[in-house]
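Two complexes, one shared chain (chain A), two partners (chain B, chain C).
Let's turn to the complex of A and B:
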């Protein structure tokens, strides 16, 4: 017994002797709830991890503690939170080692998600082994459909390739049915996991919806010029153009399509299309462009969130990171429902509750978010949420995309 | 071998004792301690394997990540069809064969050309694999599901590390090691004195590569998910090179003396200064170049030497 627990223990004995005993005093409340995460801080993924994930961890930490902490009803008091953070250098070995360090040495109460698909997947077995519930906020791969049930303590928050691609195919098919479009589709993708899987998922859906895919080609990730590829696309005269792109190519494509005067009526770019910098760079030319992984800026609470973010970091929030904040909110709700740090019970609450968050309603089915925001669109210089179309807050599609002016 | 052991009985006994104690760590250590040791062993084995070839011949290779990645991929592909131990051995063999082919075509390059080529090799293997996965398998990721425990991985890596160090030391004591060092001193002279330099270089390059692939395969047992960018992470090449130089690439024990403090340092930095790992690695390199050209082992040897000299001096007076 170290000195502190001894002192606390003595205090409890004295308290028990002098006051009538109530359940709340049977056990002292913890003086802190500790959250731990290992995330990429050095290396090429560092900046992305910072803007999408770490910024939200810091913001949430501040806002929760400003409000006095997380309510633990078993002890009848609010308990402040504390973060333990490590740098995994983008290496899975480091992530595994540091996760064990968090759980075994630091004895944190909860673990938070790392950054990027492969790191989320790498951590899932280990948090499952130690029975720490974690909401994985940056993993998108077709494999989650089979892998989800394998690890009951891991939850998957964002739109997976099928959920992101099927609504696009359906939208084009609907436009074709209404006679607004011929349904000639061109799709390109970088040769990385994300690009390949989304492209495959789209082709599958397009086949089912009877679309004519007139062009389908990959390009090297990190390509420094996409004009030749865009020219090839233009030669096939498509009316719908989709790029399952990564941030650098998303920006490059949008710029080079303007230079070449490529004006598809239906245009989708993937990661990076929601960044505030995308709007800053292209101004109102972004109108009509469809993008991956949005959040609804009109959702209740978003104004306060945007302001708090601006106050703390002196820059605009990243819409793709709102799901991370939502995961933290629902973790807090789950802990408050349970009323103590009992990870088994917290896991069950997460698995069986419909949560109201900044990112809309979240409900997990087989640990997969049943209805995440998948596709957004820039309309009147603002990011809106479009698909899934039946989700509260969804706006109608703007069609056709205005020509570059 | 026996004769060699008898001549070096002190260090041999110490090594055996140390290995025995380390083998007992899983009885006491938590999983975190095991994980830390696993990363330590991987770094020590890689640095020793690197120094075995590059330290002696002075052909500076940046292809560690390439062979390491070949090991990871071989395991990922093979473990579906054969048992885990077989897949791990298979990885070492594939690493050996790839290095053989690469070595045949490139070991005539010297100096900076060799360095640049080996750096490019990692990227080449990376891109070829990527192309193959996308065109043929329609994905770029693979999943490794095994139930190999941390303890098994720990013991396997400990054995691999020890064999690498002892093997590297053994070779340095026989003719092959002498030939390697002769190539490092002056390749032309070595050739004229009758050393078949091509054969020696390629054999040792491939041996070193097979250890790297082996380490990759064993570590991969811990990854559920891999893709080419994880398997062919260039940081490994640099970290291993710096560890070997920091410790001293000329002695069998040298790379370990560099890898251990580097891993511990990175463990400390990961918690205390998460953004500064690359800076620390760079600083290490500067320190080596300016202050420790012979590495930590040279420093220790000089210290021991002066101690001995001082004692001899005292003995003379007494």
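Let's turn to the complex of A and C:
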């Protein structure tokens, strides 16, 4: 106990002795709830971390405090929140050191997720060791399937490779059954973990669904020209084209497909497809393109969220970051349900509750989000959510994708 | 037929490599400054073009009227006020290189930081001349073709200046031997500053041209500094026309190799060629032995 809390504590004890109080007020409420995060702010991943994650931490911090804080039932009062932030420079070892520091020296009440799959994975064992519940918001990898259950304090929020790929395979199989498509699929992916795993998960699903994969090749991440590859794809005459791509290639292959007049009836690009900049660049040519990791702009509360984001940062929110905000919302709900900072209880509430958030209903099964938004589609110049099709807010698939005009 | 298109695509890609390296070769070859913040001017040129078309709805080529003078002046100032003190105190080229690398590395962080603060780290891109052009049965993107032609024009113009003007002769003399050049009455400091500034302006121009077909963000600079550096080393330091040729070789080998072997290997092929040249011809492909 440092001196300040000691003094406050004694004041509360004295107060309790002299004035009649309800038992709930007898114990001093904390004057702040402190959230700590170590995240990449410098280096190549800094910008992505900033727009996806940090911006939502800042926005949430402001909105919660504007509303008076988080309600702690046990003390019968709202307690404002405070953020402690460090830069992990994109280095996992730095992240681990800083996480220990947040927990042991800064003694934060809660820890928030870092950015990017490998960093989320790196942090999971350590927050688990100290029993800090953390919702990992930017990790998508097959490893979560085996490792998830091993770390009961880590929760995984976004669509993992199977959840992201199976709906695509199923959609193509359905179209084939309806006779709208022959089911000839071409898939390409950058040779990075994300691309490889999603491609594998898709191939597995496609095999089960009886699809014919006529082309499957990887390309170098950071390639400056994908035209030859798209030519090869075109030569196989597929009716569905999938790219488990990263943002720069997502942009490039969309442009080069247009230049070559490659018009698949079903087209999917992965990361970067939800960016507002994607729409800015291609205008209405984005219509019909399927994308990874969307959010529903029509969900209840999204208008307010979009406005608050615009007011604070003077720019539009990133659809791929809405899940981060949702994770903060449900963390708050869990804390309020427990009514105090008891991390074990908070963890159990997170594990066993169905939360209503900006990103739809979230329920964890074995710490994995059971039904995250996986696939979206641009329709009439707007991002919509398509799969999982049974989730509230899902729109029907627009098929076929309109030809490039 | 596809192979021809792949070859053509490689040529265009190579033109881009040559283009981004031209300015660096002026800076490194003539002014003898290895400028690690070079790519930041490329990034600045790309952003100026982006804002010109997306914000002000003007032709992005017009952005050159803004970005070129700004890049020229900033680079001139960098040379005059940051590099000259280093040049003065350096005992030899090696000592100078070490100092310069540290200072320009710092500059790279400053410029990138400023860009991040002002323009965020979002990925940007816009559509300009993104229509197909059909050449002898092959299809290429107009914006890539345009950047390629601009690269050729710039390299040719630079070649003419270096070969046929007094100023160019002075620059060539400095490339070969700065000490002797100053002995015959060439104002090495002034001309170096001009060459350095012109290199920065070329970086901005190449950023503008490349941004028509490649998406970019505030952090893209370092990637293009490295690409440019590889081309400069391949070509040979100070070989301006060789720079374009080296870029073309790199582009064609990358594209055709990637197509014939495996698209996963494009970048590996790139570096493989680089290492081969370093081993067999360490002074560059286009230097007189």
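To be clear about the criterion, the second predicted complex is superposed on the first by the 393 of 405 C-alpha atoms of A that agree within 3 Å, B and C clash if a C-alpha of one lies under 4 Å from a C-alpha of the other, contacts with A are read in each partner's own complex, and residues count from 1 in each chain.
Note that contacts are C-beta pairs under 8 Å (C-beta built on N, C-alpha and C of every residue); 3 or more make two chains touch, one makes a residue touch a chain.
Worth saying up front: this structure is predicted, and the values here are computed from it rather than measured.
Asker: If you stack the two complexes on chain A, which partner ends up touching A:48: first (chain B), second (chain C), both, or neither?
Answerer: second
Asker: Check whether A:218 is in contact with chain B, with chain C, with both or with neither, and answer first, second, both or neither.
Answerer: both
Asker: Given the touch rule stated above, what does A:193 touch, chain B (first), chain C (second), both, or neither?
Answerer: Once the two structures are laid over each other on A, A:193 reaches chain B alone.
Asker: For A:272 in the superposed arrangement: first (chain B), second (chain C), both or neither?
Answerer: The second partner, chain C, only.
Asker: Just checking: does A:302 make contact with chain B only, chain C only, both, or neither of them? Give me first, second, both or neither.
Answerer: Neither partner.
Asker: Tell me the contact category for A:28 with respect to chain B and chain C: first, second, both or neither.
Answerer: After superposing on A, A:28 lies clear of both chain B and chain C.
Asker: Could you look at A:259 and tell me whether it touches chain B, chain C, both or neither (first, second, both, neither)?
Answerer: A:259 sits against chain C, while chain B stays out of touch.
Asker: With both complexes superposed on chain A, which partner does A:97 reach: first (chain B), second (chain C), both or neither?
Answerer: first
Asker: If I apply the document's touch criterion, which positions on chain A are contacted by chain B in one structure and by chain C in the other?
Answerer: 46, 191, 218
Asker: Taking the touch rule as given, give the residues of chain A at its contact with chain B in the complex, in rising order.
Answerer: Residues of chain A touching chain B: 38, 41-43, 46, 84-94, 96-98, 100-101, 103-105, 117-118, 121-122, 124-125, 141, 143, 147, 191-193, 196-197, 200, 218.
Asker: Would you mind writing out the residues of chain B in touch with chain A in their complex?
Answerer: Contacts found on chain B: 30-32, 35-36, 38-39, 42, 130-131, 134, 138-141, 143, 219, 222-227, 229-230, 233, 235, 266-267, 269-271, 274-278.
Asker: Can you check the complex and tell me which residues of chain A touch chain C?
Answerer: 44, 46-48, 50-51, 191, 217-220, 222-229, 231-232, 235, 247-248, 251-252, 255-256, 258-261, 272, 275, 277, 280-283, 315
Asker: Applying the document's contact rule, which stretches of chain C touch chain A when the two form their complex?
Answerer: So the residues of chain C touching chain A come out as 2, 5-6, 9-10, 12-13, 16, 54, 116, 120-127, 130-132, 139-141, 213-215, 217-219, 223, 254-255, 258-259, 262-268.
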